[in-house]
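Report on the structure given below.
Going in written order, the chains are labelled A, B, C and D, and every chain counts its residues from 1.
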Amino acid sequence: MKMLTNSPETVVADALAGLAAAHPGLRVDAERRIVLRAEPTRPGKPALVSGGGSGHEPLHAGFVGHGMLDAACPGEVFTSPVPDQMLAAAQAVDGGGGVLFVVKNYTGDVLNFQMAAELLEDEGIEARTVLINDDVAVEDSLYTAGRRGTGATVFAEKTAGAAAELGADLDTVARIAERTNAACRSFGIALGPCTTPATGRPGFDLGENEIELGVGIHGEPGRRRAPFAPADELAEIAVDAVCADLDFGGDAMVLLNGMGASPLLELYIVYAAVVRGLGKRGVRVVRNLVGEYVTSLDMPGFSLTVCRAEPDLVDLWDAPVQTPALRWGR
Amino acid sequence: MKMLTNSPETVVADALAGLAAAHPGLRVDAERRIVLRAEPTRPGKPALVSGGGSGHEPLHAGFVGHGMLDAACPGEVFTSPVPDQMLAAAQAVDGGGGVLFVVKNYTGDVLNFQMAAELLEDEGIEARTVLINDDVAVEDSLYTAGRRGTGATVFAEKTAGAAAELGADLDTVARIAERTNAACRSFGIALGPCTTPATGRPGFDLGENEIELGVGIHGEPGRRRAPFAPADELAEIAVDAVCADLDFGGDAMVLLNGMGASPLLELYIVYAAVVRGLGKRGVRVVRNLVGEYVTSLDMPGFSLTVCRAEPDLVDLWDAPVQTPALRWGR
Amino acid sequence: GGFDAALGAAWLTAAADAVAREAERLSMLDAAIGDGDHGTNLKRGFAAVAAKLAEGVPATPGAVLVLTGRQLISTVGGASGPLYGSLLRATGKALGETESADVAALAAAFTAGVEAVAKLGGASVGDKTMIDALSPAVEALRAAAEDGVPTAQALDLAARAAEEGAQETVPLRARKGRASYLGERSEGHEDPGAASTALLLRVLADAAA
Amino acid sequence: GGFDAALGAAWLTAAADAVAREAERLSMLDAAIGDGDHGTNLKRGFAAVAAKLAEGVPATPGAVLVLTGRQLISTVGGASGPLYGSLLRATGKALGETESADVAALAAAFTAGVEAVAKLGGASVGDKTMIDALSPAVEALRAAAEDGVPTAQALDLAARAAEEGAQETVPLRARKGRASYLGERSEGHEDPGAASTALLLRVLADAAA
């Protein structure tokens, strides 16, 4: 597989060099593999730190900046970062207000952040962890590692980040992130696999006429295969999956997320159908994002995240944000 | 080929429905196939109208909004829009200050906009046309249709749009667009083809180890094939091509553009090499965009646009903009 | 009979079918040296023309062609929309108010049409465009008029000349339109616009036969 | 001889080679039911371990393992980093200050290591994880200790048990880690972590032989 890389081993380091060059608002510590805001944390403000495997850009580094994250820890491609990174990031951005770890629920991320939290405690820095687990494709049962974290990460980082900016304390910020996560449900559909630089081979094989329903964001196969169908039907499957799991009440915020290789033109087609599908179910979309926010390298397909539009969460969503990937109100 | 579409015939209409639903700041006239700002043109402000084939999103509709375009005319996929659209758009947004057509130099776009300009004259609306032709992969000679327009479109729409917002008259706005175009050079490299909804087949075939140098943005084959090479070398080829064509002097603005399917992670890798390559040639990057701005559906690859950073153009670049795809300073 | 409104309408209605049938072939020719939409473009345009003519056929062949040209301009887009649109509009205008054009009148009008294309697009014979089919066709028509050949046969000769002209674009290097970006890589492929011109003229000859 | 610092270092250095050699296989196992990075993860981690040990080997086998565990935690990431890291750190800590552990001491320490993995990851035998290789291995080691089997042979029995345990993960349905998302689609594939456990223990047995 042809890729715009130099070698599998240097992918993350090379990309961090580009990230640093592209965004003067970020400070990239290449040595310790952490991405920080260029400006130090306002004293007393709880700091938000997230991280996860690379390959999901702009997640997470693209959400570092005013109104969202204070730091991100990029792991190897599709591999959780290591506790050293999280610890270094937390120490770098703690402004005395403690640190909130925003962790997507994958075993690797959970275990590494858990270790980091323990080490952080030894340093006398207060830490909270909020687990993002919005993917309805996975049953949350004893028989799985629990639901995966995906698009809700963007909502939780945004609302909690805004709350922190507005002066909320660590417990409040953590609660906002938890409430946001609880208000979100996601479902992903892949039309094809993605290919990691390390293997150079597609993560799974799909027939000319097959799609993966409930696909994850790591090139892992989905829960089941289905025959390919028009965009409107695929949108309906996704809307149905999230709405079957949570009653969103009247209003919702929606992220229609491209997985990497689906043209924006196509995402708009799906989005139109999503709005119709939600409308049929009495859900009105009051805020939206359509584009690539939580990608899976070069995977064709999309994921839908719907977030119940609780009024204070919408206000926090609307609050100013200035990051590489989200920018408004400032 | 699996795509997120309903039928080839309805791609543009379906996508416009999604665009309308996603962006409250836009007004989409589905009947006449034009995309306008929700707010009317400030009286006397020259109006900027662009357009071209669909499949390049966010270009052009994603650049409609304060500080950039007043209207966009989306054609069928990779097909120039028709004069009726351009005329309707121009009539809708003319605020008495005349209309500037920003036209990428492709025979179809040129001919259709030319017809529209003639019709517009009959209506008594003053029209200027600026031709964007920044792609150094094509020789500008009697033996070609002239250089193609690509990434310079973003720069020209931004600087001219800002000038219009700041009170410049039509001639001045046109001159800014022309100067910006003249200050820009671009070069694209594809690792693979893209597939249009109409044909459902890749636009060209590439070997496992081949790339297209100087590829266009319509799935048309590039000027020549070359063996696949690491990201750093590909970046160097692109930097070399643009720098061989124009002396950028000391400072430059850079757009490192994803063609559709290359992960943002990879674009950052290329961007790091671009900055190094320009640096070696004495060119310092003072502004940049890294991401998907002028896409070719699902094509893997990138294009590089370098714009000489003339001080007033940089100021216009920095001026506030609020569109779906570019947003800052406001 | 001559070229009258009924023949014009029959031609263009049949053209819509033919272009729809051949759309894939035309698009594939375009994919090789262009962007793969030529068939789709013409299919969309001629479907709109047929729909318009189904609403009512103007009284004169000139009006039929002008209407068709306008409809193509409004629905095709791309390079071929304005070019074919201008071809038919200019040909129609040159036909004037005549109810039925003989071969000489048709040849004269068609000449005006092809000149409009050449003027708009700036292409000459040998540039590997639709001009390479249009130009021999109009010459064949003029020669047929001089020789006093009847309409049906004259149109067959024109179609044949267009088909040969289209074939002759294969070895050429494109100098106009999107294919020109390819330089020497455009050699060895038939120009899609020349191919569609040959198709349209063949349908006209069949309609007149 | 028992399990001393030299054997520990020899094992882990050889493990770096073996993991590098087998990285592709391990990643392919992971691609089938996970995300395809298990081989790369371990290769990166054990290369770092080997580099560290090349700088200098601690005096006791316990210190060697604690160092290795820390290094793995700092360089592997993913699920396997903290799990293998904890395994080795807990085993090393349980070895205490001993200069050379006999089979019984090793079995006891290894038991502590496997318990750390179980506690951290929450997996039990049958969940289709590395526990399915670690658990039979530690039982084999304990049995060998009871039977008074010498170190080299005991480690061979442990490796054999791990290999069998790894094979036995094939029909299982995953309940932990990334493979659990697949539900029944995880059946029919060997667990990559169990496979790497078997590999690591085989390398240890070879080093001791």
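Basically, a contact is a pair of C-beta atoms (placed from the backbone, for glycine too) under 8 Å apart; a residue touches a chain by one contact, two chains touch by 3 or more.
The structure presented is a predicted model; accordingly, all values stated were derived computationally and were not measured.
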item	value
From chain A, the most remote chain by mean C-alpha position	C
Averaged-CA centre spacing for the pair chain D and chain C, given as whole angstrom	75
Chain B-chain C separation of Cα centroids, rounded to whole Å	32
Cα-centroid distance, chain A relative to chain B, in whole angstrom	29
Euclidean distance of C-alpha centroids - chain A vs chain C, Å	54
Multi-chain contact residues (two or more partners), chain A	77
Multi-chain contact residues (two or more partners), chain D	none
Chains that touch, pairwise	A-B, A-D, B-C
Complex contact set, residues of chain B against chain C	8, 53, 75-84, 106-108, 111-112, 114-115, 137-139, 142-145, 148, 196, 198-199, 201, 203-204, 216, 218-221, 223-224
Complex contact set, residues of chain D against chain A	24, 27-28, 31, 33-37, 40-41, 44, 73-83, 120-121, 173, 175-178, 180-183, 185
List of chain A residues in touch with chain B within their complex	2-7, 11, 14-19, 21-22, 54-55, 57-58, 62, 77, 191-192, 208-209, 211, 228, 230-232, 234, 256, 260-273, 275, 285, 288, 290, 292, 295, 297-298, 300-302, 327-328
